[in-house]
Amino acid sequence: MATRPVLSDEQASEGAVQLFDEIRRVRETDFVNNFWRTLGNDPGHAANLWQRLQDVMQPGALDPLTKELIYIAVSVANSCTYCAHSHTAAAKARGMTDEQHSELLQVIAMASETNALANCLQVPVDECFEAG
Amino acid sequence: MATRPVLSDEQASEGAVQLFDEIRRVRETDFVNNFWRTLGNDPGHAANLWQRLQDVMQPGALDPLTKELIYIAVSVANSCTYCAHSHTAAAKARGMTDEQHSELLQVIAMASETNALANCLQVPVDECFEAG
Amino acid sequence: MATRPVLSDEQASEGAVQLFDEIRRVRETDFVNNFWRTLGNDPGHAANLWQRLQDVMQPGALDPLTKELIYIAVSVANSCTYCAHSHTAAAKARGMTDEQHSELLQVIAMASETNALANCLQVPVDECFEAG
Amino acid sequence: MATRPVLSDEQASEGAVQLFDEIRRVRETDFVNNFWRTLGNDPGHAANLWQRLQDVMQPGALDPLTKELIYIAVSVANSCTYCAHSHTAAAKARGMTDEQHSELLQVIAMASETNALANCLQVPVDECFEAG
Amino acid sequence: MATRPVLSDEQASEGAVQLFDEIRRVRETDFVNNFWRTLGNDPGHAANLWQRLQDVMQPGALDPLTKELIYIAVSVANSCTYCAHSHTAAAKARGMTDEQHSELLQVIAMASETNALANCLQVPVDECFEAG
Amino acid sequence: MATRPVLSDEQASEGAVQLFDEIRRVRETDFVNNFWRTLGNDPGHAANLWQRLQDVMQPGALDPLTKELIYIAVSVANSCTYCAHSHTAAAKARGMTDEQHSELLQVIAMASETNALANCLQVPVDECFEAG
């Protein structure tokens, strides 16, 4: 159940269909996932976000798989059901192994645990951690 | 201002001092950061966590720097001031470059943005994202 | 699946039914939504909350639609599936247009993005932002 | 204490100084706040964000003050100290009255309370809330 | 640095001073903490909240110390610096021992860890957990 | 829909089945809930967590029901659907009454409300709250 319609190709505006076609072209698949079909109710916003997403997630100083692992970590901490699913799928598509998935889970769990401890203890930040 | 005392070596119990010494030995520095000095009010908990942290963050299917980047991502999404500082320092110590830091920021920002959009639109999870 | 029973009129206590009837009277509809049917397991709590909700959401220095937009923003950031749905419906009932919905999404996305950046960078608060 | 340097004009790169000057020109003040001085370590990211922020926050179907109130709501729910301060200052600059500020607080408090209740009760979403 | 003035007795309105005096009377101390001094900018809101807080935290089916432990747990997970401090102080005033404090930390840490795991794995809720 | 397979006994590895059997033995039931069936994709992680969970949740300075209430509070604030369900069931199994459940809800709601207010007002922490 979404708060805006999940647009089929038939329901989508011309601008949204153009974006769906661009997504199909770049990903080399006929499938367009629900995130774009729902955000497509505002085609300008969706097209702008799609372009920025391509830019941010491309290979750079960090490789695309590392970027997906960071994306999953944020999504889990933000309790985003959709993004936990879609970016786990994306990480697998980029080659995440079972062993890497297991270690990702362990690091996310450890960080969540120590975040809670530091917030509960209200530990003062050490001076040496300040950026120079 | 902490909710439990930040223990100096003089204030710490024997068990806590043993842990502080172990931390100094492993890290090859005299410095013990405030997280351990505060958690050290419960030496058993602190010693158990220290051991598990060493296990989780060691090189494995993911390298230590990648693990630190994931750790920062979780800490930021959880608004943990202390861990944002301490693990950014840890990532720099493990060789994070300015370019990698910039890309980390960009991925965290992008994920936070799309998490909010997916939660606001309540996008239904696509069936194809289910684990096989 | 709820953690307390979602009470039908038949299952509800006398106090809960009185509240359901009051909700029907004020909203001029037969429909009572699941939030009240579940909170109604504690009729005193539910009745108190209903009264305060009426007070807080009435027209004042802010108009009711603006209040609903603020309500949605909080609910999304708190990952509350139920409230994202119910208050988007409420905002539409109060006249939210598609254009306003699109801009709401854009502001929520932008705020989430810059919140993450400020938390990741741990930007020190400028002195001039302090209340006089 | 920040995790990247808070750049003075003297420390900033040419690209960052250009952005600072643009901010000064648009806001008609000599003051540049710490968010931009810290994000300015990546001038391309900062300049892109500045441009998008101008676009999103300009008058549209929602007026600029309403947008600032939504921004504050998200920032509070995300526990972003910096943005809570900077956007409260921005809302005051756009004319937020004391009465509006009080009602903003009341709506944010009410939403946070009912978010927690709905999440604790795990209230099932009513079918009628689905977008048509 | 607050976003509204932290009111001294001299700065506070008549209504706020009445509340401060009531707080002093109930707590049998001259001290009024900053939460009430800041919320006191809206004396009606502050007085209403004070009354409800007294009702909710009084002895009932749960004792006051247990209620404070639950309060701390929520405040930590919500990254509320002020409430982590003030309710830890309140729990100590109600007799929380060092051993109880240590176990509170352990349970909060464990819950945070498994919350992250369940959100990362997106574990489907077992049918048997539904309320009857 | 999970992001890793929810393992039946037939699908699980030898190590996972050993853990499932241990869970059945300790809980004196044939039922193994989905959390362990999903985390069981990494049997070492699951077995380690199971052991620590038994240690943390055993009777100590806090009784097991109080620990479950704290666990629920954290899970709700972290928007963890699975843990809100499973630990509410666990609290009922440990004797949580309807009256206690109602008061738990009231404290969680009150804490969430005041957390939001303190974060919105950015109330400065009083000096007297610092640990001695």
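So that you can tell them apart, the chains are marked A, B, C, D, E and F in the order they are listed, and the count of residues begins at 1 in each.
The definition used in the following text is that a contact is a pair of C-beta atoms (placed from the backbone, for glycine too) under 8 Å apart; a residue touches a chain by one contact, two chains touch by 3 or more.
As the structure is a prediction and not an experimental result, all values here were calculated from the model.
Chemist: Please identify which of A-E, A-C or E-F repeats the interface of C-F; the criterion is that more than half of the contact pairs agree.
Modeler: Equivalent contacts to C-F are found in A-C.
Chemist: Just give me the whole-number Å value for how far the CA centre of chain B lies from that of chain E.
Modeler: 26
Chemist: Could you tell me the distance, in whole angstrom, between the mean C-alpha positions of chain C and chain D?
Modeler: Centre separation, chain C to chain D: 21 Å.
Chemist: Determine the centre-to-centre distance between chain D and chain F, using the mean Cα coordinates as centres, and give it in whole Å.
Modeler: 34
Chemist: Would you pick out the residues of chain D that each touch at least 2 other chains?
Modeler: In chain D, 1-4, 39, 74, 76-81, 84-85, 88, 102, 104-106, 108, 110-117, 119-122, 125, 129-131 touch at least two other chains.
Chemist: Examine which chains touch each other and state the graph shape they make (line, ring, star, complete, other).
Modeler: complete
Chemist: For a test of understanding, state which residues of chain C touch chain A in their complex under the given definition.
Modeler: It comes out as residues 79, 84-85, 88, 98, 101-102, 105-106, 116.
Chemist: How about chain B: which of its residues touch chain C in the complex?
Modeler: Against chain C, the touching part of chain B is residues 72, 76-77, 79, 81, 84-85, 104-105, 108-117, 119-122.
Chemist: Hey, which residues of chain E end up touching chain F in the complex?
Modeler: By the definition above, chain E touches chain F via 1-4, 6, 31, 33-35, 38-39, 49, 52-53, 56-57, 60-62, 66-67, 69-71, 73-83, 85-89, 97, 99-100, 102-104, 106-108, 110-126, 128-131.
Chemist: Which residues of chain E touch chain D in their complex?
Modeler: Those residues of chain E that touch chain D are 1, 3-4, 41-42, 45, 74, 78-80.
Chemist: In their complex, what parts of chain E are in touch with chain C?
Modeler: Where chain E meets chain C, its residues are 1-5, 125, 127, 129-132.
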